[in-house]
Amino acid sequence: MGQTLALHPDRLFASCPEQRAIARELYQSVASLPIISPHGHTDPNWFAYNRPFANATELLIQPDHYLLRMLYSQGIALEALGLSPADGADMETDPAQVWQLFGENYHLFRGTPTRLWMDHVLAEVFFIEQRLDGDSAQDIYTEINKLLATPEYLPRTLFERFNIEVIATTESPLDPLEAHRKLRDDPWQGRVITAFRPDPVLDPEYDNFAANIAELARLSGESCSDYASYLNALRERRAFFKTMGATSTDHGHPSARTADLDAVECERLYQGALQGSLTPGQAELFRGQMLLEMALMSLEDGLVMQIHPGVYRNHNPRLFQRFGRDKGADIPLPGEFVRNLKPLLDRFGNDPRLSLILFTLDETTYARELAPLAGHYPALKLGPPWWFHDSPEGMLRYRQQVTETAGFYNTAGFNDDTRAFLSIPARHDVARRMDCRFLAQLVAEHRIDRDEAQQLAVDLSYTLARQAYKL
Amino acid sequence: MGQTLALHPDRLFASCPEQRAIARELYQSVASLPIISPHGHTDPNWFAYNRPFANATELLIQPDHYLLRMLYSQGIALEALGLSPADGADMETDPAQVWQLFGENYHLFRGTPTRLWMDHVLAEVFFIEQRLDGDSAQDIYTEINKLLATPEYLPRTLFERFNIEVIATTESPLDPLEAHRKLRDDPWQGRVITAFRPDPVLDPEYDNFAANIAELARLSGESCSDYASYLNALRERRAFFKTMGATSTDHGHPSARTADLDAVECERLYQGALQGSLTPGQAELFRGQMLLEMALMSLEDGLVMQIHPGVYRNHNPRLFQRFGRDKGADIPLPGEFVRNLKPLLDRFGNDPRLSLILFTLDETTYARELAPLAGHYPALKLGPPWWFHDSPEGMLRYRQQVTETAGFYNTAGFNDDTRAFLSIPARHDVARRMDCRFLAQLVAEHRIDRDEAQQLAVDLSYTLARQAYKL
Amino acid sequence: MGQTLALHPDRLFASCPEQRAIARELYQSVASLPIISPHGHTDPNWFAYNRPFANATELLIQPDHYLLRMLYSQGIALEALGLSPADGADMETDPAQVWQLFGENYHLFRGTPTRLWMDHVLAEVFFIEQRLDGDSAQDIYTEINKLLATPEYLPRTLFERFNIEVIATTESPLDPLEAHRKLRDDPWQGRVITAFRPDPVLDPEYDNFAANIAELARLSGESCSDYASYLNALRERRAFFKTMGATSTDHGHPSARTADLDAVECERLYQGALQGSLTPGQAELFRGQMLLEMALMSLEDGLVMQIHPGVYRNHNPRLFQRFGRDKGADIPLPGEFVRNLKPLLDRFGNDPRLSLILFTLDETTYARELAPLAGHYPALKLGPPWWFHDSPEGMLRYRQQVTETAGFYNTAGFNDDTRAFLSIPARHDVARRMDCRFLAQLVAEHRIDRDEAQQLAVDLSYTLARQAYKL
């Protein structure tokens, strides 16, 4: 017979008794604070239309690139996980079989955050009491699906049960934001807002850039035939996003490169971008200029700016051709911020009205570049550990490497950055536990006082994110 | 009077009582598992001819570049350690004096793995009960030499006493493998196999490359006058190595650069390599192409492929001129895998039949590049912490930085990578203790369950290496 | 009412009882050892003229770029901190108000070393018993100023109370060293020595390089019209600095680049430097050549050589224009030592008479480059964690990443590198505590013996710095 599943109340705290006792107390005081989720990728249609989720496999496995990546790395084909290849090859069509395969390979996730999040979802959201494995998989699958069919598991009900104060989704400027419009006009009180992610119209190397600009022109009523008109179109979309609650923009560029070019150069690059004639270096320069323009617009309209740089997207071309984006083949690249951000910082770095939140996948930049920059420039804040580093050890390294130079108050609290809606409480719980653990260590080692740790626990769990994103 | 030497049963475990108790239990269950040593540099002649080792100095000091490096860094000339300089300068010829000098400077190794390994060798292999220092050195030297002269200290007896299930040595394709042939035809049951290390015939910048190719032609019966014949010669040698037990190849290139060139370009580079006319960039490109060819051959013949990149060899030219290779003047370089491996991964990365094991000396690549790559591509696995990082802190950092993204099952278990035969049990013991320590922490912090840690302890100590190297 | 301020006797030790008990014992044995301060930036006039310090704000806030950086990053203008902008804008002129603002924002420093140092200064130097905040600020300010007016708080009295055995200041070759001359001829026994920091006359990109060379010529009596005369001038200044106690030189170059050029090239670069016609690449090459010349002179005159590379100085041009250097806008850059140091090491790396102490702000170089280099070359030693890393976590990472390859005896002890005189005991106390903590862990995990840790604690706190700097 199988193993039980039970989340230990002291999980993730250091096992040293002094530290554990302090961590436990700190955590108690923040465990039930509302969730601020200022950056993520949930689907606003869930909340707008409040339809039931289909089944455990569609909800919990197939959209989660963390799961797909690990299973694939061990030789499990994506077809066997029910993903549909572009070449029409056979695939598993029975979601119960996909769940079974997941259960049989659940041991692969030992020591990973996926395991922590999934156990939390199973235990806390679905009240499962058996550990997932090949034997328990079908019982668990049946139980989850049974619950998903009940009103208690509708998206809005879960939203409220999760105690989410506000959640931001992420949309392209080309998105008409119909779901958000419906939410805005709906009597439901849940606060679901959008965020402005303009990569498709800022990055000349993005798929169908020229067509995207044509659509931007259509939506904005600007011709977009020259750089000034293009900027006006972007301004128009930002204003529209603000009417749908947006408080932030987000930029997923290959690097943090910024630029401050003259008008002639901007126009020349923009025309080249429209014609698809830019070299890679020119495209990079154009993206850099656009980050500067975004900062300038943020000073005008107050939107908080986020930069998530440094990923080699779709590193695996065969997989990309057969299954498309976001299947786990994105790989981090070395980061550089000191020279890349300088043009932007030279213009706006001293202005405390700008709030620019930086993320990295290259942990070597925490202590060397990001903490010194954020510990100096009024306009800069550090976002939480991101993606591959959104994990217990990743969070510890972040605090250990950032705090001594940037302090706590130049960081922007936690965000979950996820499309896995059901894991949001799990992710915030991991972050709160790890922050309380870190604070408990500082207290136990007499590096800060107990009352200060108490205040910091609340700030890191709730206040800083709310302030940094102007929520 | 001197200090005693006694290995503490809890050494290397975290001192927090909860974690220590769990680590102790986990370790008990793996301490006596057989040793799998799939990658190393012991001399096969030891096992083929089973002659007694000469003395403590020749066996334990003079071949160990970890020892030489540290003593040299503190101003001790290699001549004083009995190494013979090419210029015929005076050197110490009395091995007892060399041992004495080592004993007097043993404090330099405090906090290093050398200290742990040497204490283990002294206490466990030679039953020494005094800590090594200037006072105890001669007694210890005498005792070791006395034991080395007994049948209990012959190589094969030690091999059996060490409970080695299989050990791989490393040879050039130009090696006739006489020792391995003798071992194969010998009634002794110890499993000593070779591994295929073709750097001397793959790297155009290797000493005497053209002469090496001529020898390759002679041994293989292929002309090696063109690229196709050269590849056939390599295939022939791989097949020959397989008859001597090889299950793997190993590649010590300056970088992980791979390439996928057309036939004309391959031929042109090969002819340039033969003529010694390649630029450094072309030589690098040729090496990159050869990694791709090796991967292709591995798909044909099933040999596991290892890449150990990123070392500046013989950084100290004066020392190199006077004493030759492997004297401790090799220095790590920054690593890069995301772009360098792409040509190879584009071709073979999705094929689970390929087993490509990656090593690094640049720990910044663990979390940023290697874990994301190995956590996605079916063909990739991560080798254990290597060389400068084959140490308690190095092992901890490896698990802390790799596990959350790649899990445990995309890693390849431990290998000792050593020519210091007597330290092999010590090295595996350190690895098993550190893995049990890491697992104990996960259990004590309720991040995995106790039964899972138990299974992982066995997997990390034994099963994963056996599987990854197809042993 | 406010919180009390009390330094806990176990602060900074691991909270695990086994380790804490050992750390406490080790620390007891080194807590009162004299302070060796071989590298720092205190003002020799303090000790030469022994005048009272003005007030808490001028002494503790305004010269401290760690404080300014953090407050500025949170939107507090430097004018509000009483710094005078070049454009004559309004500024706060009441030091009590500046102190008040600092007190109100003291929470920003939670988790930073500034907090540890400042609390130590308040509690140990000024016997303050209230935690600094907005409420307590004025009482504390008044109390400090009252004490500063007493003879017990004159610089020489504090020097003696701090138990400083020797302190080195840092001066340019253009400095006439009047304060040091006065100190040399003064009956006061405190040992205050200079160190030779020739960046202004070695770096062609330094402000007013040509004028600096003209002044160098004047001071040295050499024409400096050609390279040979320039080198002679430098030799003369080094000799003069030695008469003022100097035992070391220090070099703050943008990188660790060294070069070994022929005489014609040296002359050509030098003439270009005088004319201000060097390209950035040539300027870098010239600096590299000068490091080699400095090493050569060190072999002649015995001065220990320090290299502090890898900082982007004055990253914030607006701040620099308004407030000048050293206001917290220096940002670390990636480091590289393996190729950069090779020309110098090829010449002098094997010579144990040279003592070259390396520092880095890029922690990725600890395990990858610096420990392997220092663990091999007799001429190299590693300086302690520097600047942004001179902190509890920074010190832990340093020992964890350096020790296993370089051991303890290739490191150079601690130095405080500070102009904040009153924080010197605090900084050495943090270093001693963290080293004892690290050693206690090694003992508790049975990686070294208790008696060895005892000796190491003394070596790391006192002996190694004294030896490395020939004090």
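Brief remarks on what is shown
Going by the order they are written in, the chains are A, B and C; count residues from 1 in each one.
Keep in mind that, in the parts below, contacts are C-beta pairs under 8 Å (C-beta built on N, C-alpha and C of every residue); 3 or more make two chains touch, one makes a residue touch a chain.
None of the values given here were measured: they were computed from a predicted structure.
Of all residue numbers seen at the subunit A-subunit C contact, under half occur in both copies; the interface is built from largely non-matching residues.
Between subunit B and subunit C, the superposing rotation on Cα atoms measures out at 120°, rounded to the nearest 5. With each centre defined as the average position of its C-alpha atoms, the distance from subunit A to subunit C rounds to 40 Å. Residues of subunit C found to touch two or more other chains are 16, 364. The touching residues of subunit C, counted against subunit B in their complex, run 16, 18-19, 336, 338-339, 342, 345-346, 349-350, 352, 364, 367-369, 371-378, 380, 400-401, 403-410, 441-442, 444-449, 451-452, 455-456. Only residues 3, 7-8, 10-16, 69-70, 72-75, 107-113, 115-116, 131, 312, 315-319, 328-334, 361-364, 388-389, 391-394, 397 of subunit A touch subunit B when the two sit together in their complex.
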